[in-house]
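There are two complexes below, and they share chain A, which is joined by chain B in the first and by chain C in the second.
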Partner chain A sequence: MNEAILEACGLTKRFRSKEEGKRSFTAVKKASLSLFPGETLGLLGESGSGKSTLGQMLVGLIRPDEGTILFRGQPLAYPFKGAPREKIQILFQHPEVSFNPQLTLRQSLSEPFRIRGLPLSDGVLAECISRFGLYPEHLERRPGALSGGELQRAALARILVMEPEVILLDEPTSMLDVITQAQIVDFLRRYQEERGTSYLFITHSTSLARQVCHRIVRIRAGELQEEEKELVP
Partner chain B sequence: MDDMRETLLRVEDLSVSFEGKNFVQAVEHVSLEVHSGDRLCIIGETGSGKSILLLAILRLLSPTAKVTGGVSYRGRDLFAMTEKQLDAIRGGRISYVPQGSGNGMNPLLKVGFQVAEPMIAHRGMKRKAAEERAVELLKRFHLGREETIARQYPFTYSGGMRQRALIAMGISAGAELLFADEPTKGLDETRVRLTAEAFNALEGQTLVCVTHDLSFARSVSSRVCVMYAANQVEEAETEELFRNPLHPYTRDMLAAMPENGLRFRPGYAPAHNDTGTAGCKYRLRCGRCSEKCRETPPLFRIGGHQVRCWQYE
Partner chain C sequence: MTKLRQNKAMLAGIIIILFFVLVALLADLISPYDPSTLGVAYQKPSREHLLGTNDLGQDIFSEMIYGVRVSLFLGIFSALIVTFVGSVLALIAGYYGGAADRIVCAVTDIAMAVPSLPLTLLLIAYLKSGVFSLVLAISITAWTGTARILRSRVRQICRLPYIQIEKTLGVKTPVILFRHVLPNLKDILLTRMALSVSGAMMTESGLSFLGLGTYGQKSWGNILHFAFFRNSILRGQVWWYLPPIICICIAVMGFMLVGYYGQQKKD
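Coming up: the complex of A and B.
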């Protein structure tokens, strides 16, 4: 049996209520799951079910109150440092707020190259975005002058520079039109076949999850349910 | 087909561009007619010009936008009106539900008051009566505990609740024409269904709704207009369009729906400042293009469809 690349063991997250006298709210209750190399695991739930909170704990964006996270079998401490921080990436639901509004696309896309110490040139940047149907003239624009579909493709181009092993896809296409959605899904599928990248795919759309995921777990009111085998072909 | 119903809104050859360093052609030669009782959905991908079209009709675009063409409401030229004349129509006669449930409300005012405000401003109602009516409206959209939450601020609402409260605000003054921009963006399936129910429960109101959610469009509209790269490419009655799409873009869009297998044709829409792609904007992606497609096709009438494609010449 393959070893899991990312594992959650009994993750719990509580949010304290701002109003005094009110009890805290448990967003995720003792969630355990394993993500294996090269697979797409669907996390299906309605808004408010805790799916994003669970996802954000798994990629180190928020600190769990209880439980541990293992990356390649090693426990991770919050905040993540070193390899896990680079190799676990996230594609957010709202492309329009995934970029610093004051920076041009060129500046935003240069960042991962700098972090990894990779050579940077106009040619490299143009190649980085051309496979997503973006043109060099897009590089000089700020996020406000790009459409949601263009920004989401740019966001994907940006995280792939890090050559991630795990990508958290948090409703990556719910703000996009159907053709852009199909293109992004197809690109991710081919990239996975080539690189063996693992995806945790958060969505509220059963029909989309059914098309995209190898396994699907549903989350209800912060609790993970049994794996839904009948949903996957 | 002769339509005996009253024409509320007529959009003629409307084009919008943004001049300057980054030239953008946002809307190109769009003509629409909206009759009383119509439920029109404008669908298309992000950046296709749907939202700009709504804003241009309502004259809500910034002065940097260059708008040509004409818009009339009940025969009155909206583009020739003074701001004051326009204010009597916007809000009272035509209301607009903006995109994004997050920023459509004033965070400093209670939701009940915000839903009541159009009735105070446009119908001369007293505040107390208007706020009572606001609670009734919130009840129609099943927000739950309506008396209590009407006295709360928008931040205490979830995205789905805010979205439905915004629609309640949009219809509260009894405007006969309701514009809604992406009312379901980012909502989950249950909330999309509740929003569709809310729209379908509207009585006597005419709806013009911009959306990229095809299933939602199908569930609320009677007619659909498809936009691609600033152009109107097809228009037909909803069921007819979904059963028998004519334009290659409409066909490709339906094939890309998850329930149809996420099939798609490679390629992307041309850049907004791409004036080099003369002729049909879809020709570079289309599987059936010919030499003829280097010229811009007009809208052809085929059965109940209007379609901008040379195949139907």
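Coming up: the complex of A and C.
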């Protein structure tokens, strides 16, 4: 494989403990990993193992206490700015809270277009969502009037406007029905083949990780375990 | 509108507030006399003077009508300042967290620890007498509760995925705060503002009753002040001291009912 697109070098994150007597607990301990172009890296761990914290550090949502993050070999400063900010995106587990409840889908989807300075029209928005099986009438609805599957597909459509090179998938299918799960996994696979996008797939399901990931890294109590051998998805 | 009809408490609150707002706006038209015009003192209620006259012969009914203006203006203006200050501090603390949050929380805790009534009295004593001094004194002591409650809600909202997604998309902080966080606080803002209006009206009445209010301007607290200090209770002049008490209670209840609705919805 080529040079890593995203690297974590010795990332550590501590949180203050609210319990008396305990000053802090370490959620992630000196974690190092590399994500290569066109690769799906599985980050497997139980609830509370630190996988989401590590993921959120990698997308720039949490400032690490120690360690460095490299994007295409360049160290990133928190908060991420410029190209790295646009090119590293995240898809969350809970689609129902992935959109501002006060805005319509049209308003939410318009945001990445405005940020990138792309032309925006009804046709563009309709095309943006059509490949995810959504229709123009969905654009006028608020999140409360859309199903979980529709929202997750819309959330994916929104981040893809940024043309990301790395997508952090934080258990993106765990709240969805089997058919929508399969549609999203299939779409992500095809998109990766077309664009060479890299995925960091966070999950607690070993079977799902084995099904979709090229490599799997386990995280236990904040520490990364040895990588499993390379898998063929 | 259907929801509003179902919530009778909220509807009653809105009707009460609208009634007093209308009275304040139309005071010049509906008031039978100029409240500062002097006449025969201590008259009992009659057709000419519905609530009688005070010690200077001024029509108490007209005083009550003009008093709505000062009480409402003070309440609403103080509540606007309290809500604005509380919201700004809550947004800073809740969004940025860390040191900003700790500083705001520490300042709020200190301000809450200071007894508000003595501080208000002290401020009134040092500030130049007038409506704006009262507004300032009330606002300085009343913002803490709003800031604390809003800060908790802002923290909750900022942890939601949609705010995290906005950050990763590269949306600028002011846009996140004013387009994505603030509109989601509207229920709690309405509640806090309604409760702040009622709190400010009570404080104004209390200060005016003590003689520290808006001197020279008619307010319900002022009417009560003169009624009490001219021995209206001993003289049995119910028509003088009871109307301001009833009006203060009804107006405060109106704002509290609106606040109560917001609280219910939040719960």
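By our rule, the second predicted complex is superposed on the first by the 226 of 233 C-alpha atoms of A that agree within 3 Å, B and C clash if a C-alpha of one lies under 4 Å from a C-alpha of the other, contacts with A are read in each partner's own complex, and residues count from 1 in each chain.
Here, contacts are C-beta pairs under 8 Å (C-beta built on N, C-alpha and C of every residue); 3 or more make two chains touch, one makes a residue touch a chain.
If you're wondering where the values come from, they're calculated on a predicted model, not measured in any experiment.
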First, second, both or neither for A:Gly149, with chain B first and chain C second: first
Partner chain(s) touched by A:Gln181 [first = chain B, second = chain C, both, neither]: first
Partner chain(s) touched by A:Glu7 [first = chain B, second = chain C, both, neither]: neither
Chain B versus chain C as contact partner of A:Arg141, first or second or both or neither: first
First, second, both or neither for A:Val59, with chain B first and chain C second: second
Touching partner for A:Glu39 - first (chain B), second (chain C), both, neither: neither
Touched partner set for A:Phe92, first chain B, second chain C, both or neither: second
Common ground on chain A, meaning residues reached by chain C in one complex and by chain B in the other: 93-94
Sites on chain A touched by chain B in the complex: 46-48, 93-94, 133, 135, 137-138, 141, 145, 147-150, 171, 174-183, 185-186, 204-208, 210-212
Contact set on chain B toward chain A in their complex: 22, 24, 44-47, 158-160, 185-191, 212, 214, 252-253, 256-259, 261-268, 271, 273
Parts of chain C lying in touch with chain A, wherever the complex brings them together: 160-162, 164-171, 179-180, 183-184
Chain C-facing residues of chain A, complex: 56, 59-61, 79, 85-86, 88-90, 92-94, 97-102, 111-112, 115, 155, 158-159, 162
